[in-house]
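The next part holds the structures, each set out as structure tokens.
Two complexes follow with chain A in common, the first pairing it with chain B and the second with chain C.
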Partner chain A sequence: MNALIELNEITKNYGSHRALDRVSLTIESGITSLLGPNGAGKSTLIKVLLGLLRATSGKGRLMDFQLGRHNRQIREQVGYMPEDDCYLSGLSGVESVQVSAQLSRFASLEALRRAHEILDFCGMGQERYRTVETYSTGMRQKLRFAQALVHDPPILILDEPTSGLDPSERESMLNRIKILAREKGKAVLLCTHILPDVQAVSDAVVILANGRVRVADRLDRLSVPMAPSLRVQVLGDAEAFLSQLEMAGLTVRPGVNGAITVDGLHEELAEQIWQVARRAGVGVRSIEHSRNSLEEIFLTAVREQPDGHP
Partner chain B sequence: MAIHDVGYRAWKGSLNSPWTRWTVITRTGVRRAWQSTWLKRMMLFAWIPAVWFAAGFFLWEQLLLNQDALQEIPPFLVDELHDLELEGFSGGIYIEDERVARHSVWSWLLYFFFRYPQGGLMVLMVGIIAPPLISQDVRSRAFLLYFSRPIARWQYALGKLATVWIYLLMISAAPALLLYVLGVFMSPSVQVIGDTWDLPLRIIAASGVLMIPMASLALCLSSLTEESRYAGFAWFAVWILGGFAYAVMTAVELEITKEPDSSILDKWSPLSLYHALGEVQSWVFGFAPFEQIQFAALLLVLITLISTAILFRRISAPLRA
Partner chain C sequence: MIARSVGAVFWFESRRALTASRIVWWVVLTLFPALIVGMIRIATSNIRNPPGPEPWSVFLFALVPMLVSMLGTFLWATPVVSAELEGKSWVYLAVRPHGTTVVLLGKYLATLAWVLSSAIASLMLAAALVPLDDVGHIVGTILRLTLLSCPAYAALYLLLGTLFPKRSMVVAVAYTLIFELVVSMIPALINTFTVQFRLRTLFYLWSDLPLGSDPNAMLAFVGEPPAWEHVVVLVTFTMVLLLAALGIVREREFSASEEGNG
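Take a look at the complex of A and B:
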């Protein structure tokens, strides 16, 4: 696949605070999710990509355009949906999308036609004729999505596109994102805190913490554990069970949601686990081949020290 | 539900020139401002003085056809005309050179039109249009929507400034140029155009003097707050406090010197934007030498530069955060 976005040692300082620390990344077509705790540097990274902020050092390119040098051309190629509740006040929904298209150099009438077409795609009905101030959070989300999409950009940067949406609207939004990426060939950079959304649509994941890239890989590769292991869930005192497993000479570690990961995959291992459970007086709820869940990947990544060690 | 939902379709077509982007911001601003009923009323009201001044042009041209009527002018008006020291006249009211006299009377009418009715109406009109122009964008965080597009900050600022300029042109240059054209039609010969060719240029220059510093100042105030009403208060406070300071200082000095002297009025005019604007416009229409208005002109230049600098800084601020 072709790399659409390439960043090389990008650093951004705000005074003495380092928001991005030597960020190197390659983002290909498909859906890439950008994850990280609050203050990780996600918004700064997006602003650097859009040329709204100049990187303190480092180089990068978006398609064939150099960051910091061809900012206007970059913004021609990107559709950005901000997380902030921002809108053009006093305008109706359709006028807002029309103005966005006109700012991307569409002629007035064509901008209006395209605005209606995109609002249809976004599932916005007659409410498009109301002023934006009267919109609910979910409607504003759809409107910002339409504004990002109206000029048919090859790259979409979507910041929290599903926050504030009810479950059915959220599913519709994710479906639209999938259609744009899989059927229309757009590259989507999805910035979100909602891990099930990431799991549902993403091809690749980038995890930022303290301004550094902790994880950047395809989601299917990240899901495969480093070594074969079993994931055990029990009913009862999980901590006592974990101690008993250790005393039995097994290599174990606690996982998320009370699960326990037991390294190894030989035939006697499951039998051994059953016996320890009987001795510890706990009931076994499940024993399965473990896969790294996104939650585990995320928590492990953000807990890591800056030098990369857990 | 759409009647003909075609799903998502890629777009192919020709794009407008990148240099026209700021006009989108202007058109949106003009359209939004025009939604105000007060602005529509104000626009109607702002054209009423033009009707009175059209009557002035008509009377002047009638006087030229029947110059004996000048003898019947009441004595207090003769004194007033004498004080004006208009070119082309002798003894205040006797026309020496008809062509020169026409030029000076038209200039005076246009200057008076700019300085008094339109000067005051401009303050009110800008007070309606400008305060929400940027403050609402600050409040609704629209900067992110604008600047994530290929829009430069100067294009955004120019688009907003042009919104104010267009409305100011509608109440200053547009009626003044119409008055000039009416004057030409009411005059006996098209030769008048040759005698007064500079007046349309002076009208445009006087409009520029009005538009550029005032729009910059008003938008600077608008960019400083999220609340349009605060920007509106600040705008009117600048005019009211400036006028008050000017009135107090000239009254105090006149009381001290006990001698009415027009240089006292000129001396304190930089205190009041209204008087500073009037001074510079009197120079534009040829009624004052530059030396007399240089401080007022400097004030307007400084206001324009400082306001524009603050405006650009404020526009950039939300993106640096």
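Take a look at the complex of A and C:
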């Protein structure tokens, strides 16, 4: 895969506060999620990428363009959907998107055609002719999404695209993001707090905490645990079952959502678990290879000290 | 491409000008000089020596290229950055190619269109009420001064708006009171750096006003001929202010103060 965004030791200070601390990253095509607790430096990183903020030190490039030097070219390649409401008051939805296209090089008529096309893709109907001030949260999200997309940029930076959406709208938004990445070949940097969204669409994850990169890898690689194990879910007294497993000589530990993790991956292990379950009088709901959950990955990463120790 | 984007900004700014509050401001600014001229005319209608061309010229100069131009550009140009920052639309505009440059240029042109239309309409209305046979010369002079004052004040307030986005209106009022109204009247080198001084000089040179009983005292407040030099200075002043505003808006990190929770 090609590295579309490459950052090398990027540091950003606001006075004495260090918002980004020697951030080095490579972001490839596909969907990359940018995660981190509040104040982690996500917004700062996005603004540095967009040229809205200058890095205090370090270098980076977006496609073939140097950060801080080729801001205009970078902005032509990037569609940015901000988290906050940002619309031009007094304009209708379609006019807002049209202006976005005009500000990105298109003539008025072509900009209008694109605005309609992209609003169709975003599932916005006749409400596009209403002034933006009358829009609901979901409609404003769609509008911001359309504004980011209208000039057909190869890279999309989406800041909290699903926040405030109801479940069906959220699913639609995630589907659109997947279509753009998988079918239209766009690189998407998804900045969100909603971990199930990340799990649903992301190819890779970057976790920032205290301005530093804690995790940056493909999601499928991150999901593989350090040691092989099985994840067991039972119907019945899970604690008693856990004790029985220990008495049977197995190495076990409680997992998330009532699951039990049993270390090891030899052929007889599943059979042993079934036998213990029969003896304990519990029903086995599922036995599967353990995967690190995103929640575990996230919590481990943000709890880690800057020197790498938990 | 820049022209197209500037046109887009000009278009949406013009659309914003069609809100009720802005239309009311336009009407108030347009009618105010005519109202004052009408009141002066009524007040002087029964006196033995009604005002001649000179006082009427001074009234129109004070009302149109000074008051209407200054107030109109103050209202429109000063909050160009702060309004977008407060409305959180700055990021939306700034992340577009040439973003901040076209935003400033488009808004500058929209300011000129809005204020010039108001100033010219107000001049025509007020001039129609001036009780002189030949008011054409006065109108010509004031019109030329208006065409110079609007771009200059718009550029000045635009620069103040980019330098001090958080307190732009307060700073602009303070600047106007201190520099344009007080410092411009100080007969020293410093007053030559004000828009007011240049406009006043051009008004004096173009309208052939008599210097009164103490010409030296009057000359201390205006510059020397030729007039074209003052026009060149004013146009250069306008360009420098505009370029400085564009430079600042390109280099400044406006979004830093807005850092959210990420």
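What we mean here is this: the second predicted complex is superposed on the first by the 250 of 310 C-alpha atoms of A that agree within 3 Å, B and C clash if a C-alpha of one lies under 4 Å from a C-alpha of the other, contacts with A are read in each partner's own complex, and residues count from 1 in each chain.
FYI, contacts are C-beta pairs under 8 Å (C-beta built on N, C-alpha and C of every residue); 3 or more make two chains touch, one makes a residue touch a chain.
A quick note: this is a predicted structure, and the numbers were derived from the prediction, not measured.
A.B. asks: Once the two structures are overlaid on chain A, check if chain B and chain C clash or fit side by side.
C.D. replies: clash
A.B. asks: Is A:R128 touching the first partner chain B, the second partner chain C, both, or neither of them?
C.D. replies: Touch partners of A:R128: none, neither chain B nor chain C.
A.B. asks: Check the residue A:A19 against both partner chains and state whether it touches chain B (first), chain C (second), both, or neither.
C.D. replies: second
A.B. asks: Could you tell me if A:C191 is touching chain B, chain C, both of them or neither one (first, second, both, neither)?
C.D. replies: second
A.B. asks: In the overlaid three-chain picture, which partner chain does A:R54 touch, first (chain B) or second (chain C), both, or neither?
C.D. replies: A:R54: touches chain C, not chain B.
A.B. asks: With the two complexes superposed on chain A, say which partner A:R140 touches: chain B (first), chain C (second), both, or neither.
C.D. replies: neither
A.B. asks: So in the superposed three-chain picture, is A:R212 touching just chain B, just chain C, both, or none of them (first/second/both/neither)?
C.D. replies: In the superposed model, A:R212 contacts neither chain B nor chain C.
A.B. asks: Classify the contacts of A:G39 with the two partner chains as first (chain B alone), second (chain C alone), both, or neither.
C.D. replies: second
A.B. asks: Taking the superposition as given, does A:R170 touch the first partner, chain B, the second, chain C, both, or neither?
C.D. replies: neither
A.B. asks: Superposing the two structures on chain A, identify the stretch of chain B from 2-10, 20-28, 92-100 or 182-190 that clashes with chain C.
C.D. replies: So the stretch of chain B colliding with chain C after superposition is 20-28.
A.B. asks: Once the two structures are superposed, pull the chain A residues common to the chain B and chain C interfaces.
C.D. replies: Residues common to the chain A contacts of chain C and of chain B are 47, 50, 52-53, 72-73, 75-76, 78, 80, 82, 84-91, 99-100, 102-107, 147, listed in rising order.
A.B. asks: Show which residues of chain C lie in contact with chain A when the two form their complex.
C.D. replies: Answer in residue numbers: 1, 4-5, 7-9, 11-12, 15-16, 18-19, 87-99, 102, 253-256, 259-262.
A.B. asks: Inside the complex, what are the residues of chain A that reach chain C?
C.D. replies: 14, 19, 36, 38-44, 46-47, 50, 52-54, 72-73, 75-76, 78, 80, 82-91, 95, 99-100, 102-108, 111, 147, 159, 191
A.B. asks: Could you please specify the touching residues of chain A with respect to chain B in the complex?
C.D. replies: Residue positions touching the partner: 47, 50, 52-53, 72-73, 75-76, 78, 80, 82, 84-91, 99-100, 102-107, 110, 114, 116-118, 120-121, 125, 144, 147, 149, 151-152, 176, 179-180, 184.
A.B. asks: Per the contact definition, I'd like the list of chain B residues that touch chain A in the complex.
C.D. replies: Counting only chain B, the residues touching chain A are 1-2, 5-11, 13-18, 20-21, 24-25, 28, 32, 35, 136-137, 139-152, 319-320.
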